[in-house]
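In what comes next, chain A is part of two complexes: it sits with chain B in the first one and with chain C in the second one.
Coming up: the complex of A and B.
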């Protein structure tokens, strides 16, 4: 089924939901303000349903709005939105019984230049892991997942540091990546705390490292690879590769992939005496993880 | 009397190159896929095209983080009076208009901000007209002529192989006087500042706007990321931070944004703007009402940056149109 057919099905489902009073709000997509891309769309009335957009520009992760709309909301969820919802369930942030998930199979999104947006290129998931109703896509020409994280090609430590610092030199510390991220929902972010003050004062590389490394660590084993952080960045900082590294690390070491099974305990929440302790003082260091050579 | 000169594009590069040693040169440069105002060391990096940098050049007059003074234990206070002689080239009419707003806010009110004033005094502005309207731009609706502005020292108009340089101030004339440039006769009427009234403007009293607008609905999509404030050419709110280092303390001034929860958080724990509704309301009312009340300008020049940078497509143009419609 093409995007067009999927859209028709989504519209029919939404009309039904509003008719039957199963939802008082539907989170979806509409055309962007400049004619390009899409924006989140809050649908409350039946006559708004026909303005729903569903095509390869619907990149935004809508799940974060569920933290505000905890009851009676329905959400049009791509696999990455659905993975975020799974994490909200695993982290006890939402009540699954109070939301309705319109799962939509995703053939891959495109940015305004026609290239796969951040996250899409490596994505292997075409069907949302969780849904109440599923809108299928039997288009066989889905983008194949590309492994952008090649350990063999990995540079040494100094080169890695140089790459990281070069990338974050563009950062203006506006924290839009944090605001766009499904996983950054702390009431007060460590960067906003002033007792003690975590944020160094100059707008220098140290402050930027502090923020990005801190955020990366907080997302270890939690990232659902939706790419919202990179899409939100006004300065085009490509920082997701760092989190991707931790995501792979977490999957390799603890067999945990975020946002697939709501009943599974997230890797950093679970403790097992037999957990491998790569990188810990006195722990193993077999060089196979985290690209620790170099 | 304004003078006009023809400056072939190569020649402009040469001129900028020879000014490079004497001045800090700031210009649009490419950084990957983005265009941004940066201090340049090589004139070949300067991009004077029709594209608009994603951030405004305000940071060279009002830095994101500015060390404003140091003070020692025994009470000695040293202000940081650093204000390098700077040329900012390629400033678009919307940003020149925005600098009028910034100048009013920082120097025409009850107090004069000497840090901004010093930097402004040492800065030469070279404007550059826009040929086309970019997605998200709405300067025309804000009554701004995208092709020309006299709110600078020299204004460049792209003529293909060359620029027409309109020399506006004495400062601009002094900088160019050592370069032998071909004069150009030009009808002054070619370059009229827009005298059109802006079609996008809110004419309402504070209470009506505050109470009778659907701020809940308008702000619903907002993530509160504050990107709009960082790319905006007129956002000027700041906070102070005192940092104690060995034997002395440093006071920093840093950009702040009304979109952040901490912006209005009181020491008591009370926050008068607890949700994005109040915060977004403040953003719109500050831009379209409060600055107008205090300084006579609307603090939105239609540069469209916030619209282009917003991750969820918040659109101040359609928000203001919606409000105007509601107030009718």
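Coming up: the complex of A and C.
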């Protein structure tokens, strides 16, 4: 019921924007080709506005489309999408004054089986951190806030490597995760470069490790936890646990979570004199050394 | 027992015969000079490191370390100027944050933390450089050869 109310409000806002000329392109959602699910929808004319879809199938992170259309665009942004927009501002990829953000409160999405998609289960953010106008959600329950990362059951190294290899062996290096991710906007990805050449001539599991470890490092401290990567993967590679570890660690060390506060500088582009040296020789013991510390 | 398989693949049947191959990324102004001082002082230390000289620890792309491990290096050691003493003023400060995150990532992916080490060695610390190398080599010896070789077909 709340989705229906929100949808009506969104339609009214969009019609207003087009009338007043505040935006000439609105990024939203429409029905998928079979009537279920959703697809990104680019609205340019007022009579297209009634085709807007807003319900719990609107999982896509639309923020990345803003990079192509930097001016005169409005976007229907869930909290995770708005976090991505905040990061684009922090990284100087878009000009805040040239886009209009229709923030929409979100209580969680559902995939086609009715289960929460990756990203929604652990999400605690109901309200977008940035918006020009807010469409509230009168549903008081938040789907998320389930901590699926249980620290007490820290697996041993053989298990960690086995888990990593098990997920990586499913990967086919299609780069869907890279295309879907808001943070992967390099004109030429490191995987596609030949100076230097990071990959061997024959792709093997080492290449997959390079890709996933390299991409995770490039997203260290930048991931907005939208789950687009895992949703996009055609091979069901559960890749989010790697970056989630870094996201939590970044918050623990530097008190920074990507995209929450528009005034904050991203953690890995800053430093402090008293940064903790966890795991360094002569620094803090990170307690993860199995075996002797000698 | 996967350690046995890894040993066989690495060409040495006997654990006692295996010598780890450790890649050392050193910053030119402090750590490399410190290593050079260890050399001119004729200090003896384990010959297992292969040194790669960079202008600053901040220049080290985490991908270098990842690639070294994926390509089969048994260990990686990174050393820069002490925080506050960087020749380029702040390079090692950015590097510090990057390395902390990288180490956590590698640990999560199942690569033993004893294989990857970060430290600060200054140009006058020749003795300390030798001691640091010994420490790193001992730690790597304890975890055995890099297992990635056995699964990376």
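What we mean here is this: the second predicted complex is superposed on the first by the 279 of 294 C-alpha atoms of A that agree within 3 Å, B and C clash if a C-alpha of one lies under 4 Å from a C-alpha of the other, contacts with A are read in each partner's own complex, and residues count from 1 in each chain.
Definition applied: a residue touches a chain if its C-beta (ideal position, glycine included) is under 8 Å from a C-beta of that chain, and two chains touch if they have at least 3 such contacts.
What you see is a predicted model, and the numbers here were worked out from it, not measured in a lab.
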Please work out whether A:245 is in contact with chain B alone, chain C alone, both, or neither, and reply first, second, both or neither. second
After superposition on the shared chain, which partner residues are touched by A:213: those of chain B (first), chain C (second), both, or neither? second
Touching A:275 in the superposition: chain B (first), chain C (second), both, neither? second
Between chain B and chain C, whom does A:253 touch in the aligned arrangement: first, second, both, or neither? second
Looking at the overlay, what does A:160 touch: chain B (first), chain C (second), both, or neither? second
So in the superposed three-chain picture, is A:175 touching just chain B, just chain C, both, or none of them (first/second/both/neither)? first
Please work out whether A:265 is in contact with chain B alone, chain C alone, both, or neither, and reply first, second, both or neither. neither
Chain A contact check, chain B vs chain C, more residues touched by chain C
Residues on chain A in contact with chain B in one complex and with chain C in the other? none
Which chain A residues qualify as touching chain C in the complex? 157-165, 190, 198, 204-206, 209-210, 213-214, 216-217, 220-221, 241-242, 245-246, 249-250, 253-254, 267-271, 273, 275-283, 286, 288-292, 294
Touching residues of chain A toward chain B in the complex: what are they? 32-40, 42, 60, 64, 170, 172-176, 178-180, 192, 201-203, 228, 231-232, 234-236
Write out the stretch or stretches of chain C touching chain A in their complex. 62-63, 66-67, 70-71, 83-84, 90, 93-94, 96-114, 117-120, 132, 135-136, 138-139, 142-143, 147-148, 151-153
In their complex, what parts of chain B are in touch with chain A? 31-34, 36, 54-55, 64-65, 67, 135-136, 220-221, 223-227, 229-231, 241, 243, 250, 252, 254, 260-262, 304, 307-309, 311-313, 315, 317-318
